[in-house]
Amino acid sequence: MSLSQLGDVFRVLSYGESHGPEIGVVIDGVPAGLNVDESQIQQQLNRRRPGQSDLTTSRSEPDRVQITSGVVDGKTIGSPICMRVANTNTRSKDYDQLKEVYRPSHADYTYHMKYGVPTLAGGGRSSARVTAGWVAAGALAEQFLHQLTSIQVLAWVDSIHTIKQPSLPVDPTRAQIDQSPVRCPDTKSSNQMEERIRWAAERGDSLGGTIQLSITNCPPGLGDPVFGKLNAKLAHALHSLNAVKGIEFGGGFDLSTKTGSEVNDEFVQTGNQIGTSTNYSGGIQGGISNGMPITARIAFKPTSSISKAQQTVNQSGEQVELSVNGRHDPCVVPRAVPIVEALSAIVLMDAYLLHRIHQPAS
Amino acid sequence: MSLSQLGDVFRVLSYGESHGPEIGVVIDGVPAGLNVDESQIQQQLNRRRPGQSDLTTSRSEPDRVQITSGVVDGKTIGSPICMRVANTNTRSKDYDQLKEVYRPSHADYTYHMKYGVPTLAGGGRSSARVTAGWVAAGALAEQFLHQLTSIQVLAWVDSIHTIKQPSLPVDPTRAQIDQSPVRCPDTKSSNQMEERIRWAAERGDSLGGTIQLSITNCPPGLGDPVFGKLNAKLAHALHSLNAVKGIEFGGGFDLSTKTGSEVNDEFVQTGNQIGTSTNYSGGIQGGISNGMPITARIAFKPTSSISKAQQTVNQSGEQVELSVNGRHDPCVVPRAVPIVEALSAIVLMDAYLLHRIHQPAS
Amino acid sequence: MSLSQLGDVFRVLSYGESHGPEIGVVIDGVPAGLNVDESQIQQQLNRRRPGQSDLTTSRSEPDRVQITSGVVDGKTIGSPICMRVANTNTRSKDYDQLKEVYRPSHADYTYHMKYGVPTLAGGGRSSARVTAGWVAAGALAEQFLHQLTSIQVLAWVDSIHTIKQPSLPVDPTRAQIDQSPVRCPDTKSSNQMEERIRWAAERGDSLGGTIQLSITNCPPGLGDPVFGKLNAKLAHALHSLNAVKGIEFGGGFDLSTKTGSEVNDEFVQTGNQIGTSTNYSGGIQGGISNGMPITARIAFKPTSSISKAQQTVNQSGEQVELSVNGRHDPCVVPRAVPIVEALSAIVLMDAYLLHRIHQPAS
Amino acid sequence: MSLSQLGDVFRVLSYGESHGPEIGVVIDGVPAGLNVDESQIQQQLNRRRPGQSDLTTSRSEPDRVQITSGVVDGKTIGSPICMRVANTNTRSKDYDQLKEVYRPSHADYTYHMKYGVPTLAGGGRSSARVTAGWVAAGALAEQFLHQLTSIQVLAWVDSIHTIKQPSLPVDPTRAQIDQSPVRCPDTKSSNQMEERIRWAAERGDSLGGTIQLSITNCPPGLGDPVFGKLNAKLAHALHSLNAVKGIEFGGGFDLSTKTGSEVNDEFVQTGNQIGTSTNYSGGIQGGISNGMPITARIAFKPTSSISKAQQTVNQSGEQVELSVNGRHDPCVVPRAVPIVEALSAIVLMDAYLLHRIHQPAS
């Protein structure tokens, strides 16, 4: 059952709305005896937090995580871990003007149709605010992966609007990524992206972009065939971000224009290690990790909230002109980097535990 | 739990291997009192069946579906429905030469690493043969959707290798699609694709391509926020196909290069109906259907099995030259059309049933 | 997946430990548009609360419920509902002496074996304290059942130690039950039970007992055949209480000594209504409700915590004498009444929604 | 999700109806590399099979199991295992007279109410016939437990009608149990039970009884706290049998009449092993196995089908006299022994795999 839960055995349940007192997660299926480092969770939350720079929304939230269960003396005890983050700066009055209006490309209309109750001010449950809980859960998942495996999860901005960074010869580090205010490791591209975001902000407009995901040191064998494929689970998790409109693994869409002899990944043995000479498969074959880096690219549409005037209808079907004057990011992609990492870490941790459960008899 | 199961409340469990006696599915969570038309199931199976034309593998399977439970006098009774298709033409001897070899871009290596047992001849569980069961389940799901809703699920080939059909002014019909041996409704493109496939076949090579998915007449409200988004579930389901390497919804990757003012979908009222003037969202907003057509494009890599010589290693890590002489499609995309429809119909049927939670009290 | 979650579509996830800052629940799968009455939740919590009378533990907890998500303006919005209750009176120092000791018939030893970490002071996760969250969830489930159906859930004390009340000609009301400090509606039995509890308390000992469950006005059709039987789900839920050691439905164990002709429930029609002349089946046939009252009896062992001296071993396997000087109920059965109701209401609400999802085509 | 599925990670999906071509199961979540012994599966099926002796129904079914997936060369490959048993002797004409009648204490009425379609002849899905699939799945689970653990699962008849065997000083063996045609290891009781069953059969009547379950050599740590308790899962699984009306663990209902000082299980160390001096807990504390034998007693009501005349109503609500002339067991309890073992083995295998989450990092 999905609904508000991600993961089959390492299960992250998300709760909370943007304009309620808090948002949070409860994680069930946590192995006992693992170390928990709250400061690392906070670090990832800070990377997602609004108000980091003048490129992001001015809504200011300290986003302090509080762990209220499942951890004793800095260690997991096998019980569910509840983590929550208070909403301190809700300002829902800003949204009063919007209560009756279906904002273009927002979830106002679909929520109203689904739940039969009038749209919540400020997006409520559909707000990106709920991702703070995901990031906390993902940070924990990442810590656990580091204790149980060598898996590294890393994401960075690959393009914003029409600016695409040149392909990198080697993966950057998280520190290198964070040196860029837009989280693009290539300095020249980063500068251009920053400029482009300011250009859009001045016009009351917004921009899309893409994020590159790279999961390294993943042992072969994670993921399940048929309906439990690792790429399928990553695709599911990453489409949980409202702005995501596409995902591709390894060679991706480009492979559809190739021949098999061009893009088959031939196996080679180096030392004792079997790998592939190319990685068009993106580290996953038949839904199962093959030990090569797992690579994916995720496409984000431009932020729906723009202050530029738009035409739309209200709940009575009357045409209205709308100019959204809230506190919104002209481009969400840089702040989405830790969220992509978080969702990926949750999926990997879940796949790792599932594989442990069904490990073959020796 | 995924593993071999798709769906939360309309749950399709896939079983069987390519070289065993049969493959099948069991569907749990089927409402009682629905009509079952076996001939329509057979029709979809025939569209997936190998040996349809000289463009596909010469493995010949009649693929007769047999329903062994859950249906009495042509109607569902609320019990699980088991459907199976016999494997009549297994010829596993063809695969003897491959038993020790990790075929490039196949699941041989990852299965061996995961399950600790030597690779199965002919792919076994990872073979596309298992999709016959999915198609049977999806055909049933489609019948049920037609009885309970107005939803229509349709897929067709959009591109093969570098040949992309021009954009269509209006969706084709399934009959129009099937007039083309490659299931591309544009005649000129279809001819070129056919030619291109023969070109690849002659060279012992294979081709990738893309499929367009269009789900129309879907009522607003299907799908759930956060981790149960309709697009996330479709992405999960469609990545279950081994050759799928990417998916995009609505405007897709292209949206990442746009501004919000260019691609926000403004709401308009026409008669009593609220819709959007454009459909960059691809019919889904905040993970929930908005009543507009749900559109997606799915990327397929070229078939991994090619007869052209390739380098790879065997289980002992020794380098070997390989030329796969099985019976394989030079391009799987045309036969994947009914599979894309099947997986989509299953997801939609599941989302439709889940949405019943929120029906008003009677 | 069970672990910490109850329910298939109306899913209650329990979190928190007795000696942490709070315990709570998050409920996913809640229909939108239902009314939420916090005072009724508080009422059921008060019935479970320690310190209600001098017959219960002196641990004093106000047990104020706080709803932090999923409810806006007194109505559900279809999002997960988080409810929590603070732990204000943890006094974990009381448990310092116990940290190394495996208390007889407690979960100290099994938790240590399972999680590999030393036992938590005061029981932690295995404490009956976590049932406060269940009661809050169950109270909500009860409210929802009242809005969506006519189902009534009622439980009362049937026996304590060797005192069993005479069989009742008609179900009591909740008010009648609460007039008794031990929640036994028969006044004479109630007095004797009260006396017996004081007798045990004076001796530093504890008592078992049984609770009668009666679910009335349940429409026929709830529950699923095979592995989703309504009685199986009730049995599962009610065995979640640590002290429960048995459950029987309808005629229960006594039926094992009867002949079919004695205890088959013959169908009769009264007016337009089909029912049975007897109810040995306890309102459930083939796992599905038949419209008659659903009746069950649940057996509770005596509280494990007693101040009377006991022999046991510590974590090093050394024999120690133990006298548990915490604040414990000499008999938990009266306080278990609202918990039995809560768990039953959750199961019924879940069965109702599942039935709604799979309702037959008309 | 329950419905037709048992188990969280070792998942048994049951399908098929009594009067269809076959009944079966598909097991998902099976570790690779385990040995499969078909003859042992057949042995357990033979113990459940109708027509074993003149005490059981004369419906004769060879009940040959066929494995159609997931096993290659006698070993599991990690894929779902489909096992099926053909229905060869359906004789549904016997049931024609019953098609319109609601048989007392059968599922005819509840199925009709639930599914809105007229009752199936012969019970269909609610027939005990479906338990053949469970026994096959349970036999496999037992084999796997033997390969992975030392756990032994054993059940025997404890009472039939008013005849209860004296308590046994030590558990019998399966061979000893099967020497008795009623599966009661005490010879004198067995003879009396046999006689009593003949007495009931002559009268066209039926009898209830109880089964004792004993699971030995279970390591401590299986089961989960809160809503995943091992006893709760056993209770759920065993209530899946239509005739089961009650279950108790360890001291059971009798504990409700005791004091804590009488029935607390004190821990003792013997050699290096910690155990308890008594076992009123029935091997489970706080929902988790403690290493002592897991003991339970299960109550069966008398078979509903009797040839003695009964009053009931038909689908039109008209009163009719009914005498069921099918082929029915006067007492199902002896044939239920392997089913109780099967369901228990499935639960234990599932709990064993789930517990692997908590294994220390390697």
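A, B, C and D are the chain letters, set down in written order, and residue numbers restart from 1 in every chain.
Here, contacts are C-beta pairs under 8 Å (C-beta built on N, C-alpha and C of every residue); 3 or more make two chains touch, one makes a residue touch a chain.
This one's a predicted model, so the numbers in the text were calculated from it and none came from an experiment.
Student: Which chain's centre, taken as the mean of its Cα atoms, is farthest from the centre of chain C?
Tutor: Centroid comparison gives B as the farthest chain from chain C.
Student: If you tally contacting C-beta pairs, which pair wins, B-C or A-B?
Tutor: A-B
Student: Quick one: chain B and chain D, Cα centre-to-centre, how many Å?
Tutor: 39
Student: How many angstrom between the C-alpha centroids of chain B and chain A?
Tutor: A distance of 26 Å separates the two centres.
Student: Any idea how many Å lie between the Cα centroids of chain B and chain C?
Tutor: For chain B versus chain C, the centre distance works out to 46 Å.
Student: Hey, what residues on chain B touch two or more of the other chains?
Tutor: In chain B, the residues touching two or more other chains are 1, 3-5, 8-9, 14, 29, 32-33, 78-79, 114-117, 125, 225, 354, 358, 360.
Student: Across the complex, what residues on chain C touch chain D?
Tutor: 1-6, 8, 12, 14, 102, 104-107, 109-111, 113-116, 125-126, 130, 159, 161-162, 200, 203, 205-210, 220-221, 223-229, 231-233, 235-237, 239-240, 242, 245-253, 255-269, 272, 274, 276, 280-282, 284-291, 299-306, 308, 310-313, 317-319, 354-355, 360, 362
Student: Quick one: in the complex, what on chain A touches chain C?
Tutor: Chain A residues touching chain C: 1, 3-5, 8-9, 11, 13-17, 20-24, 26, 28-29, 32-33, 68-70, 72, 75, 77-82, 84, 114-117, 120, 124-125.
Student: Under the definition above, what is the set of chain B residues touching chain C in their complex?
Tutor: Residues 1, 9, 29-34, 78-79, 147-148, 225, 353-354, 356-361.
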